[in-house]
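Sharing a structure below in structure tokens format, with a few things to ask.
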Amino acid sequence: MINKRVLNADEAVRDIPDHATLMLGGFGLCGIPENCIAALLKKGVKGLTCISNNAGVDDFGIGLLLKTRQVKKMISSYVGENAEFERQLLSGELEVELIPQGTLAERVRTGGAGIPAFFTPAGVGTEVAVGKETREFDGKTYLMESWLRSDFSLVKAWKGDTSGNLIYRGTARNFNPMMATAGKITIAEVEELVPVGSLDPNEIHTPGIYVHRIFQGVGYEKRIEQRTISK
Amino acid sequence: MLDKIGIAKRIAQEVRDGMYINLGIGIPTLVANYIPKNINVVLQSENGLLGIGPFPKDDQVDADLINAGKQTITMMPGSALFSSAESFGMIRSGKVDLTILGAMEVSENGDIANWKVPGKMVKGMGGAMDLVASAKHIIVAMQHCSKEGASKLLKNCSLPITGLRCVKRIVSDMAVLDVVPGVGFKLLERAPGVSTEEIKNATEGKLLIDGNIPEMTLN
Amino acid sequence: MINKRVLNADEAVRDIPDHATLMLGGFGLCGIPENCIAALLKKGVKGLTCISNNAGVDDFGIGLLLKTRQVKKMISSYVGENAEFERQLLSGELEVELIPQGTLAERVRTGGAGIPAFFTPAGVGTEVAVGKETREFDGKTYLMESWLRSDFSLVKAWKGDTSGNLIYRGTARNFNPMMATAGKITIAEVEELVPVGSLDPNEIHTPGIYVHRIFQGVGYEKRIEQRTISK
Amino acid sequence: MLDKIGIAKRIAQEVRDGMYINLGIGIPTLVANYIPKNINVVLQSENGLLGIGPFPKDDQVDADLINAGKQTITMMPGSALFSSAESFGMIRSGKVDLTILGAMEVSENGDIANWKVPGKMVKGMGGAMDLVASAKHIIVAMQHCSKEGASKLLKNCSLPITGLRCVKRIVSDMAVLDVVPGVGFKLLERAPGVSTEEIKNATEGKLLIDGNIPEMTLN
């Protein structure tokens, strides 16, 4: 097997340049690459285009990079949790492209699967369809959507081995598996990095071929947005 | 007039044994609490889970287990976890039997608007556009009128729409109505204490009132 | 959870009519729905269109249904292991559509994912491209291919629970997961049927929502085509 | 002249540390036996495995573990299993660094034919069309001539093609050649005991012979 281990987040993101296009896994704050985001903050890289389902909250996740104005453009499906985001957007400081969540997921998947375009019914007749080709199949109208790929994909998994095989946990899987496939360079941070041969090949969610760098993250906060309990 | 819990209770009556159901954020999420115990359904969370269980006890909270509203949840026995691509694959291919979601406006031909108020609110559509474009059956939970008293059941939506001709049934605080293609809103039931006349006045779109409209029964 | 258990293969295939379009999982003889094939043979249903990567061998797998002339048309990527197949094809008794393996896999996947068409580079400039729309993306030519769906999908898994969740083993996974998603009715046979709650939700390969009927198969032969050993 | 093992040994010299490699059926499968031990590569099997290991011992044979040639195999530590859709996703998106496959014909512009002989053989293309349409680097293992002595390195393929302008390098029983766009076959090495003249006579397509062509070295 091929060893993809790097020391830490700083080493993993060392060559991400200004104006790079990034994908960041996660749904809300669940399954986000906390260590990589912290390293980007520290590194101060600017002008980023970030593809991520959400934009974090004011003081966590991608929200941290918004605060420091490191993000030029967000490509997301839902950004409702972030007041700073809404402020920058309404003031025109931030470019935003909103994409239906399933279309976003599939555009990323096709980016990692060598499929440059596909047809989906989501968004037909809405703002999302403006300027896009439509076509009928079996009497139903579909939009043509194109693949998305990144310069760097930053994903977070539960366990990983040094050859880059990844296993996610719970709903922290979400966008991480597709984003792992769609990066020119894919960086994986994991809660537990194990030796090659420790993971059951049947249980791998992301095969190591997609992952270029992997490290064991530290100090995961795993912040909860809506702590909802039953009495 | 129904409160949020009343709307959720009434929608729960629409649920049939064996259904796979996607519940939107807000009132739809409450529906889960009122599904009769003898009915077996599976709740889908579009962020990657089939088999949403009750909210966790304090000591069960797991940051890696949330629903699409970012609330902490539990899993039922027999749950399955998957990626967002897989999740919307099953949504687009019509495997989800029933979608329940909120709306800001619905038009008499079934168009729905629930994702944007130009110049005011930019939250994004999330999974709503995918859901309404593909669901076999869509029930909308909504307020019949705005706080200012303006009807939200319209001839045409004034807000940017989420999907065309997709809503099948509406449960509002005032009534249960079906969207009948080419006809308009067909009134099926009145909320307790609400008259047909009041519903008529609160509905801008074409309203079909066929015979005597019963008052709904809630447990 | 919803109980999808049926007694056996005969009950599972009871309503498959003549002239149905079937998908059958498996690669070669690995991961094929042995019990369902045997039940179809017994039932004698005719005029079938079978979508399957291979066509079995002369005396096993789909080869059994070819021998009894129950198959009208095969849609496959590779059929080289079956002499009876080649005979029926060259004599014109059998219709055959050959599809590149990756295109077949993706056509089935999109069939189960609500995507009616997509673009792939496989087959550009070949016989496969005849009559198909081509389009350039980023300077490379792609073919438009359409989804495949079935009346009944017959898949084989290692373990399954009564609500239809499936786990495959080894390379017996192959086409089974996509075919499970693309059936109007999906029938799963498993080596071990376990109660709901016995499988780890993180490890499910096919969520139960795709499966309509499930049963524990009997007498798996798991025939090996090329027993190759190292000394 | 090289035998099959000789071709496999020569191709093994093309393998670089860290590569993900797909090996076709036949001679390409043999290449795995001759990759130097100090070189770390991962072999992909398009039926759903990264990390093909050696053929099993008699008591390790597992019917659920086969390669694309339907041979029983083992897995290396660190392997991953996946579906055929995932497998061809990684192939189409260029994650596989090197594809080694057999050919019946190759043309001087890199077209390859290896899936059909009209009226005679109908086996199907399997994964070959996907592989040749997307691989970053393609090496073909083939016989230079047919049993009847006709060249298989042609101006144009006579058989139905598998892919256009995709072959980068050929290792035949007689020579190693590159396909140079707009130029033709560029002769790089001669097999032991084979003269430049013999290769010239056995190559129908345009052949570039630049200077003195070395004989290949095999261990």
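Letters A, B, C and D mark the chains as written, and numbering starts fresh at 1 in each.
As a working rule, a residue touches a chain if its C-beta (ideal position, glycine included) is under 8 Å from a C-beta of that chain, and two chains touch if they have at least 3 such contacts.
Values in this document were obtained by computation on a predicted structure and should not be read as measured data.
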Please name the chain that ends up farthest from chain D once chain centres are defined by their CA atoms averaged.
B
Centre to centre, by mean C-alpha position, how many angstrom separate chain A and chain B?
28
Centroid spacing, where centroids are CA-atom means, of chain B and chain D in whole angstrom
56
Chain centre separation (chain B, chain C; CA means) in Å
36
In whole angstrom, what separates the CA-based centres of chain A and chain C?
32
Where chain B touches two or more other chains at once, by residue number
49, 81-82, 85, 88-89, 91-92, 134
Which chain C residues touch at least two other chains?
106, 109, 113-115, 120-121, 168-170, 202
Overall pattern in which the protein chains touch one another (line/ring/star/complete/other):
other
Please list each pair of chains that are touching.
A-B, A-C, A-D, B-C, C-D
Write out the stretch or stretches of chain B touching chain A in their complex.
45-49, 54-58, 61-73, 81-85, 87-89, 91-92, 111, 116, 122-130, 133-134, 160-164
Under the definition above, what is the set of chain A residues touching chain B in their complex?
27-31, 53, 76-81, 86, 89-90, 96, 98, 100-106, 108-109, 120-128, 158, 168-178, 205, 222-230
Flag every residue of chain C that touches chain A in the complex, lowest number first.
106, 110, 113-121, 135, 137-138, 140, 142, 146, 167-170, 202-203
If we count contacts the way the header does, which residues on chain B are in touch with chain C in the complex?
18, 20, 40-42, 44, 49-51, 75-82, 85-86, 88-96, 134
Sites on chain C touched by chain B in the complex:
1-3, 109, 111-115, 161, 163, 165, 181-182, 196-197, 199, 201-202, 204, 207-210
